[in-house]
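Two complexes, one shared chain (chain A), two partners (chain B, chain C).
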Partner chain A sequence: MDIFCKDLYYQYNKNTEFVSYALNGVSLTIKEGEFFGIIGHTGSGKSTFIQHLNGLIPVEQGILTVGDYDLSKTDVKKSKKEKKQLKDNLKNLRRSVGMVFQYPEYQLFAETVFDDVSFGIKNFMPNLSPEEVRILTKNAIETVGLDYEKIKDKSPFELSGGQKRRVAIAGVIASRPSILILDEPCAGLDPTGKTALWNLLHSLHERVIKTIIVVSHDMNDVASNCTSVAVFNRGKVIKTGTPKELFSDSAFISDCGLEVPVTAYLTENLKNVGIKIDSDYTINRFAESFANYLKNTEKADL
Partner chain B sequence: MNVIEIKDLQFSYDEHQPVLKGLSLTVKEGEFLAVIGRNASGKSTLARLINGLISPLSGEITVLNIDARKKENLYEIRKNVGIVFQNPDNQMVASIVEDDVVFGPENLGIPREEIGERLEFSLKETGTAEFRESMASKLSGGQKQRVAIAGILAIKPKILILDESTSMLDPRGREEVMSVVKKLNRKEKMTVITITHYMDEVVDCDRVAVLNDGVIVKTGTPKEIFSDEKLLEATGMEPPVSMKISLALNKLGVNTPLTLDKQTLLNELLKLTKKPE
Partner chain C sequence: MLKDVVFGQYYPAKSPVHRMDPRSKIVLLILYIVMIFIVKNFWGFLLTGGLLLATVFLSKVPLKSMLRSVKAIIFIILFTFIINIFFHKEDGAKILWDVWLIRNVTDKSLYYAIFMALRLLLLVLGSSILTLTTTPVSLTDGIESLLKPLSYIKFPVHELALIMSIALRFIPTLMEETERIIAAQKARGADFESGNLFKRAKALLPVLIPLITSAFRRAEELGDAMDARCYNGSKNRTKYKKLKFSLVDLFGTVLSLTVLAGVILCNLYLGATI
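And then the complex of A and B:
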């Protein structure tokens, strides 16, 4: 499922004196199969935008399609039947586009991990037998790297922060969405938990989820993990490209209220004194490229 | 002088799961101390014990030479230890910034003129004067956290504790808050304890304490802590990004010292590329 949107506008506090444009003409295409990063400072419209993608915020103005679902605003009056059809479509869309909010562990509510993870499946697919629900739930819990037998009967509230977040993600991926959207998935996690979560997202991306979209404030993480990135600023997408394309322009990134990753900072400053280090800004590639540079200049000197 | 002395502290929320298992730590006056450790290693519990929000099962804890275990001392301790919590929305008590800042001193029964002085001082120090009459709910996360710090400053505490106060902020908000805190530490000699998962925030601290499984396993300068690979692995910590890069270079046979920040790393790389004369 590709995501396509053009000239998307959205206002908060509409028709009051506090009106503000959260989206100010967003145009963006996200292709199936990407590990897509969304960056931008607080208030740039990132969260408002992603909430459009599964219909949590209805489109006010502009075009938005997610796969075959057309979420664009139409002025045509709908019959009762069409309205019902639309509602069913929306339910299917929400099954296909899984959303993990910031601090998703605050949304855990059930008495056991099993009940929490299976809640979505039961609602999206009411015709499944208990055995089928069990299998999907078990699958989801194991996919996020937790021991099903050990954890299924525990209260979600007894778990550690990292485990809780995994349970929350399991609940979203259990109904097998093809697009998974995560808003700041690593906020508040310790370094090991953070690394483990990125690894989990990559393994999901390889095995079960076609497209992953991550909103992140950590440019080092974005440079190391994403295939494409969109920069939000004042309710607009002002640039898209690979991390390498975006982060090689540090003046632009800084204008957006962001900071380039350390690897990009080093590359730019080395380039300013005539040293060309070519890499995709991941730590390992940067190190390799720099080591090669040293080797080559040594050879040249001999 | 030590402003905090903790010896053999034990604490648990329920009897089967001890959180702190004999923790000892001293904090010097005017120090900038970072406490790092895994999720659920007991960091926030430690912060709450220091200002008496909870009390220990056993062990000793004195804050400014006052016994923090005794109920009658709590009022005095809380006047001197301010905590800024993680979520800025959870610590605003009034809707207007100014009202929020004076809430503390008003409750302490400070005379009116002095409250005015403290308000001006706190707004100025935290750079929040420009939105003193704004609705707190209209501010950004970084601005809200600075207002929270202003509210604490108005009580004139000797010790400021940041309990993951920057984790919900974007990079710019985080920088705003940390620069205010660093200034207070340097200029006002305020003792600061920061609990954080951002290793880049730890780099500028005087000293780092690593909390693991309910005890402090090591304290040292940021350099000492982040150079100890075994310790980092055992406690689930990672070095800051700049150090990760120098480690990756070392592995490839590039001989560069381990650096904590990007400027130093850049200088080291430039040295390597200069041809010997």
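And then the complex of A and C:
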């Protein structure tokens, strides 16, 4: 499922004195299979944008299609039957586009981890047998790296923060979405938890979920993990490209109220003292290139 | 959305009404309510309505915001209007309509119904002027200061005011949280709009439980933060913002008292019709 949107506008508290212009003409295409990063200063409209993608915020103005679903605003009055159809469509859309909000652990509610994770499955696929529900739930819990037998009957409230977040993510991926959207999934995690979460996302991307969209404030993570990045600024997408393309222009990035990743910073500083290193700003590639450079100079010295 | 439901939305502006001492605003509002209830003919409403309009004009609050607070209770106003028009009985009333569903409508009941609806309307508009021009914080400050005498009989005035201001402070936060949780559960396929009443109530569970746990979490955090700063409501606490009775307050008081006198004169000399 590709995502295509053009000139998307959205205002909160429309027609009141508290109006805030959240989206001011977002145009963006996200291809299937991408590990897509969304960056931008606070209040740039990232969260507002992603909530359009599964119809949580109805499109006010502009064009938006997600796969075969056309979410664009239509002014045509609808019959009851069409409305029902639309509602079913929306449900299917929400099944295909999984959304993990910021601090998803605060949305856990059920008595047991099993009930919480299977909540989405039961909503989206009410006709499944209990055994099928159990299999899907078990799969989801194990995919996020938790021990199904140990954890399934526990209360979600007695887990640690990191475990809660995994359970919450399991609850979203349980219904097998083909697009997974995460809003700052690493907020409040320790470095190990963070690395583990990125690894989890990569393994999901390789095995079950075609497209992953991540909103993140950590440029190092974005540079190391994403295949493509969009920069939001004041409710607009002002640039898209690979991390390499974006972060090589550090002046532009800081104009947007952001910082370049450490690797880009180092590359630029090294360039200033006459050492040219070519890398795509992932930590691994940077280290490789730098090692190569050192080897070459050693050879030259000999 | 949810936020529109909450009344007490403060409208920020620089105006004499905003500048007034919250205490005098509260007292004058009470005075205004008393006026509305002692008014006995439409001349009185003309005066109190004039006072209201003048205040709205001075406060720079747009009419749109005023009307929003009416929207919240328009149902109650309509309901009392309909009840009164059909069930108000008075001697010597002339029947206006008595056909089909519209039974027993007399000139007196129509008059009475309009009168009562107007009374409610003025009441709501007047009260919303207070909440629109006063921040919740200074409102509680005002209430605390007005209730101060009660602390001599060991009534926990300060604690009460603190509870009030904390509650007010957290209403928007919890509203936001509710919206977020609803969105998150919708994303997991929760359906709050279909099914019978029982089903819908059950569907709210995935919203209420996280909301309540988060309210507890916030309460705990706030308590810890206050403890960490050695907060206590002891006697010698000073205020960051001192309340002061100034010229605008004097002007407001004089104006209100004049209108009160006018209302009483109207009642005495222009005939009581209610």
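One rule holds for everything that comes next: the second predicted complex is superposed on the first by the 300 of 302 C-alpha atoms of A that agree within 3 Å, B and C clash if a C-alpha of one lies under 4 Å from a C-alpha of the other, contacts with A are read in each partner's own complex, and residues count from 1 in each chain.
Following the convention adopted for this analysis, a residue touches a chain if its C-beta (ideal position, glycine included) is under 8 Å from a C-beta of that chain, and two chains touch if they have at least 3 such contacts.
Since the model is a prediction, treat every value here as computed from it, not as a measurement.
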| item | value |
| --- | --- |
| Which of chain B and chain C A:Lys154 touches, first, second, both or neither | neither |
| Which of chain B and chain C A:Arg234 touches, first, second, both or neither | neither |
| Partner chain(s) touched by A:Arg134 [first = chain B, second = chain C, both, neither] | neither |
| Partner chain(s) touched by A:Phe109 [first = chain B, second = chain C, both, neither] | second |
| Chain B versus chain C as contact partner of A:Ile283, first or second or both or neither | first |
| Contacts of A:Arg94 with chain B and chain C, given as first, second, both or neither | second |
| Touching partner for A:Gln51 - first (chain B), second (chain C), both, neither | second |
| First (chain B), second (chain C), both or neither touched by A:Arg176 | neither |
| Which superposed partner A:Glu17 touches (first chain B, second chain C, both, neither) | second |
| Broader residue contact with chain A after superposition on the shared chain, chain B or chain C | B |
| Shared chain A surface residues [contacts with chain B and with chain C] | none |
| Contact footprint of chain C on chain A as seen in their complex | 13, 16-17, 51, 54, 56, 87, 91, 94-95, 98-99, 101, 104, 106-110, 119-120, 123-124, 157, 171-172, 175 |
| Touch list for chain A against partner chain B, complex | 41-43, 102, 160-162, 187-195, 217-220, 257-259, 261-263, 265-266, 269-270, 273, 275, 283-284, 286-288, 290-291, 293-294, 297, 301 |
| In the complex, chain B residues that touch chain A | 37-40, 86, 140-142, 164, 167-173, 197, 199, 236-238, 241-242, 244-245, 248-249, 251-254, 262, 265-266, 269-270, 272-273, 275 |
| Partner chain A, residues of chain C touching it in the complex | 3, 11, 62, 64-65, 180-181, 183-191, 194, 205-207, 209-210, 213-214 |
